[in-house]
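In the two complexes that follow, chain A is the common piece, with chain B as its partner first and chain C second.
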Partner chain A sequence: MLTRIYEQVKPILNSFLAGLIGLAVGAIIMAIWGYAPFGAYDALFTAIFGSFYGFSSTLARATPLILTGLTFAIGVRGGIFNIGAEGQVFMGALAAISVSLLSLPSGIHVLVAIIAGAMAGAIWSLPPSFLKITRGVHEVISTIMLNWVALYFGMYAVVEWLGDPQRAEKSISAATTSRLPIMVSGTSLTYALFVSLAFSLLIFFLLWRTTLGFELRVVGQNPAAANYAGIKENYSINSTFILGGLAAGVAGALQIIGHPPTYALYSDLSTVRNLGFDGIGVALIGRNHPIGVIFAAVFFAGLNVGARTMQITAGVPLEMVRIIQGVIIIALAAPELIELSNQLLPAVRNWINEVKAS
Partner chain B sequence: MFRNNSNITRFIALSLVIGLLSFGITIVSSLGINAVAQDKKKIAVVTDVGGRGDLSFNDMGFKGADEAAAEFGVELQVAQPASEADYLPNVRNLARTGDYEVIIGVGFLLTDAIETAAKQFPDQNFALIDAVVDQPNVLNFVFQEQQSSALVGALAAMTAAHYDYSKVGIVLGIEIPPLWKFEAGYRFGIKWGLDYYEKVTGEKANVDLLWTYTGTFSDVAKGKSSANAQISQGAGLVYNVAGPLGLGILEAVKDKLNQQGKEAGPPFMIGVDANQDYMGNGNKVLASGMKRVDRASYIAVKRAVEGNFEGGTEVLGLDDQGVGMSRYNQLVDFIQFGLKGDQIKEEDVDTIKDNWLEMREEIPHFVWTGVNELENLIVSGSLTPPAPSTEEEMKDVRKEYP
Partner chain C sequence: MPKTDTAEGKDTGRTLLRAEGISKGFPGVWEHLILNEIDFDVKEGEVHTLLGENGAGKTVLANILSGFYGSTAGKIYIQGEEVELNSPQDGLEHGVGMIHQEVMLAKPFTVAENVTLGTDDSDFSYPLDKVESRVYRLSQKYGLEVDPTVRVGDLSAGEQQRAEILKVLYHEPQVLILDEPTSLLTPQEAQQLFKVLRGMADEGFGIVFITHKMEEVMEVSDRVTVLKLGKVMGETDIEETDEEELTEMMLDEKIPIHLERKEFKKQSTSLSVEDIYVTGPRGNTQLNGVSLDLHEGEILGVAGVSGNGQSELIEAITGLREIDEGSLIIEGEDMTNASPREIQEKGVAHMPEKRREIGVVEPMTVGENMVLRDYRDSPFSWHSVLNRSAITNHAEEIIEEFDVIAPDIWKSETRILSGGNIQRMILGRESWRDPEIIIASHPTHGLDRRAVSHTWELFIDLRDSGSAILLVSEDLDEVISLSDRIAVMFEGNVVGIVDSDEADKSELGMIMTGA
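Up next, the complex of A and B:
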């Protein structure tokens, strides 16, 4: 009985310990460079939990990270190392801006923008899927490359087609009818949060309560067994890509229609840059579980929000804050990272050998 | 991760040791920190993602505020964003404390953040540099770039004439109304410079303008190809009005110099906004048409501290040193920024300074006298470079100054 409970809480315990180690190492680094770790951590945690304002800001930042975390988590569950969230977010954001050119009533417009974003993300996930299924191209390579294609396409699109004629630095803003309202006034938290949460629950249900989800997980854990059981591997892989693309696409759309004050893309895409990559960290911390991803995203966002105040109240410069963040995130991601690399390295080695042989 | 129990034990033990260790260090280090007396007035600068060390807007905005802080005995707080999502929260976090005499947003990327925060905190003073927000508690700073462009235009024309070049060039970014001021000022300056050249030397010089709107503020390669085209058509100087494309223009200049087996220009680049004279070892960028962001943040702090801060829009020009042609002391400032940001190496500093002095020495004295004279004429109001705001006005300028 006890061992059973231990098995259940083990991942949480591991993460907790890892987090402590991260904080401790961070404290040592700060102390070595002459900053007061107590003051800094005090500022960090006060910023996240110390006020309603702070917590709302954290949730606002977590909103897109939940979704990009899901993209990677779904990938791992389905046996795919999907680094493509970054580019899929860009595409989702572009689609959401494009449809704001339409004039629609407000409720429908929001829905159209989210769906357009989701579709764009999903479409952008198809090339790596096809390349993997038909040509055996490893998704790490294809998704990374497509991220760059999406980045430069996005910059081009913002400048050439979607630019704000008054202000060269940004795209047109989302139409007021397609914006999600602010939930807590005086903060950036919008109802986009609920879209993210709903999507997580949907993925949780899909993965553990449907045949598709079951097949997807079996392929992820053991393709040979899946094949033996008559599961169509290619279909499952394709579904994994598309689900991930949908999540990332929605993240991009929400970052436009639910992201005050600008509700637009800056022309260097800085509005949506790095969300996809941060999602990898979020997924690793959240143990690639849709519910774990929610908490991990909140934690990850908390570090970002805390970084803002650590500078101001504790006088720790941004660069140092980011080092501390990095240490904590690596520590938290370590358990999952080790497992994942055990899984991934042989696959990459095989792939390299195949390429060499051909 | 944990294959068996002994691993877990080891893991826990290790983390406990690290935890205790850091606890100890924390105690020791926090004892050393004394609470600073908080009776000083405070001001804040909010940068964009470029942050400190960008050798441009953010460094200059910081410098002005830093100097003002020292002069008026106030404490300066800088808030740097890790990403675009931090702009508004950074401004809000500062405003919420109510401790700051003024919060300065450096650069147009902060426009929406300052506007939103200004509405939310109507009693807080804000300043915004290089953009305009219409709120009673925001002091906006904009610049008369046509004036600095006129100075470098005159310099370019006279220098080109002196070295027997038949053209001067200008490479611009996307054709948006703010860039027209640069183009118009440059055209005006070229005309004035050629007239002045004829007056001084008695020779009529034929120097024409080559101008290119590249349609981008980020594609450095386009900067290079445009500058290449202009240089191969005989341009002796190319004015960079496209931000980072300047790197490409500099490359084109270097290529030409390599062909000729020379180190120093001509051909030269002319820098923009920041002091770009240090680029390319100090002898390839003859001058820069500067936008003095540091002046703006200095003025904002001064007014806030002296208690005469008022919302509105301040137009900075040559008369208040809000724009200008780069001089030696600004080169020194930027070398300092570059050293801090690891963009310039310590051992190159003397070379850059010597090269720069030598480069400017090479240009005949009357050219610099001419530029100074034009500056005086503009400051005194007897000459006004055109500042078109519509396409029609721009077309007229192009007709008048071909």
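Up next, the complex of A and C:
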């Protein structure tokens, strides 16, 4: 009985443990470089949980990360290594700005902006899907390349077509009718958070309660069994790409219509950059589960938000947080490392015996 | 049959390799031993054949003799000296080399590069000339023609095998073990191989040749040892025996009973396979114009030693493999190269041979696997939304009726189930609809006696109620007990169809082994 409970909570425990290892290794590195780790962590966590403002900022930062984490998580469930969220976020953001040129009543305008972002993300996921299905091109290659295409296309679009006539460094802002209301005044937390949460629940339902999700997971786990079960593998792969693209596209749209104070893109796309890549880490920590992704995104966002305070009050450089995040991901990969070393050990032992014998 | 220690055969010389009382059990897989106190030896200048059905333990014994596996008990003597073989390298050092059934070469590399692997004959600067010229000389000497500078991936199956033999010869072994070397070869290539083996025996090598094909035994051996279920059934000089005696030794002696059933009236044809050709991944023909008719209310058994096209036939019928030529008619409709789903929707159930690989999705739950092929249909889903309670009920029914041991329908991953439980689960899943056509591959493999008789009853019940069942099994008892008619497959073709109540086991065995 106990072992069964353990099996159930094992993924959660693993993630917690990895988090602790990350913080511990971070502390050691700080100590070696002469920073005070406890002061730094004190600053970090006070920034995240110590104030309503800090926690609101964390949630605001988590909002798009939940969605980009979902993109990667859905990919893993469906058997693809989709790292195209980055580019899909850019396209979603551009689409959301574009539709703010329309004049629509406020409620509908928000909906139109979100749908436009989702569609743009989904469309941007189609070329890798098409290439994989028809030509066998690996999605890692195609999505990475399209991320760059999207980045430069986005920069060009912000300057050439969507530029703010008054301020050259940014695009026009989302129309007031398409903006999501602010939840906590003085912070950038808007009702966009609920869009992300709802999307997570939707994906959860889709993956475990519908035939589409069933097919997607069978294909992801065992394509040969999927074929035996009469599941169309290509259709399922395409659905996986599109669902991931929808999530990332919505993330991009929310960064425009739900991200005060600018409600716009800068010409270097700085407000939406790295969201896609951070999503990979979020999905890993969240164990590729739609609910796990929510908590992982909050944790990841907290580290990002707290890092600034840590730099100011404890004098520890921002990059330390990146180190911690890296260690956490390595720690999560560690169980596989242990398995690998179990396989390698007998070989090493044989080798030692041989050396001894000769 | 007593073992003769005095060398009477014409070519036999001193004993190169002798194994005494070799036993092997794999932990937790089977309760019985895979090998049970095997004595075996090979002498200078002879071809000693190991004959036996699949699962008799031939390959395991070969792997122990060459150092791939350790043995649970027993001793190995090389040239009269006791040795301990812990790795294939140990085996080679003691002069024992094995050529495996599957080619074990790195395809992107040349023959010479593959030979170099595991030797010290080339250093970092990569001077392969030495190796290449030596491989070339060896290939000339033994008539194993293959260009050492060509990439292995570009070679034919026969050439790849010659390369594999050269790789072993490079280590100057005295004993050469070949595990079913002809299984991937064309008849001409096989003939060529036999000539090479005879020549090598004459040179003084001791050769262990593993096969289940009777004609090959008669053609190439000096001596033959028959294995059955991990035991030596007999050992004899080839001149003192004949095909019939060997077949009898190889198969079980107990007489199967043709199970009671309703009278079979040749009713309408449910499925017919017409002159089907299927080509394998290497361009070799795997099905060679197979034709079969399966009728309503009939169990058609397919007997044969595995690897003679049974798996390919099943995959062709269930849409998992492309049919090059010929046609597949199901319930009067041409379903040639239809998708697995289309064939399933024609009412064809499939109990696959590879249960863990394709029969279930191991990381998914028991409940999900219970509807792996039915999830699209009512009541398990409604407008694309899965109905968990309907699935739960269904799973509970199957678990109850088929004695599946599964801790929890929605929490247990299917991977934790034993092979027998997975098989019972698949039996339940594929039979609950009373399907019109059932394609079953080794349905009782790995089941205990009680589950076997339960499965047999189930099949007879389904047959009596009108299902058409195609039963592929290597277990001749099962085939004879269950079938109305028996088709025997050999080398990608149906070589004979007999009525089951007239079937004679040793006669079937002869047809199966191509004798």
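Simple rule for what comes next: the second predicted complex is superposed on the first by the 320 of 358 C-alpha atoms of A that agree within 3 Å, B and C clash if a C-alpha of one lies under 4 Å from a C-alpha of the other, contacts with A are read in each partner's own complex, and residues count from 1 in each chain.
Simple rule for what comes next: a residue touches a chain if its C-beta (ideal position, glycine included) is under 8 Å from a C-beta of that chain, and two chains touch if they have at least 3 such contacts.
As the structure is a computational prediction, the values presented were derived from the model and not from experiment.
Partners chain B and chain C, once the complexes are superposed on chain A, both fit on it without clashing.
In the superposed model, A:209 lies in contact with chain C only, and not with chain B. In the superposition on chain A, A:217 contacts chain C only, with no contact to chain B. Look at A:270: by the touch rule set out above, it reaches chain B but stays clear of chain C. More residues of chain A lie in contact with B than with the other chain of the pair chain B and chain C.
In the superposed pair of complexes, A:260 makes contact with chain B only, with no contact to chain C. Touch criterion not met for A:234: it reaches neither chain B nor chain C. Of the two partner chains placed around the shared chain by superposition, chain C is the only one that A:225 touches, whereas chain B remains out of contact.
The superposed arrangement places chain B and chain C with a least CA-CA distance of 13 Å. Overlap of the chain B and chain C contact sets on chain A: empty, with no shared residue.
Across the interface of their complex, chain A is touched by residues 1-2, 11-12, 14-15, 18-19, 21-22, 25-26, 28-30, 32-33, 49, 51, 77-86, 88-90, 92-94, 96-97, 108-109, 111-113, 115-116, 120, 173-174, 176, 178, 215-218 of chain B. Residues 86-87, 318, 320, 339-341, 344-345, 350, 352, 357-364, 368, 372-373, 375-376, 381, 384-386, 388, 407-408, 411 of chain C are the ones that touch chain A when the two sit in their complex.
Looking at the complex, you find that chain A touches chain C at residues 4, 8, 208-212, 214, 217-218, 221-222, 224-232, 350.
Here chain A touches chain B in the complex through residues 10, 14, 17, 20-21, 23-25, 27-28, 30-31, 34-39, 53, 57, 61, 155, 159, 163, 165, 167-169, 186, 188, 259-262, 266-268, 270-271, 273-274, 304-305, 307-309, 311-312, 317-318, 321-322, 334-335, 338-339, going by the rule given at the top.
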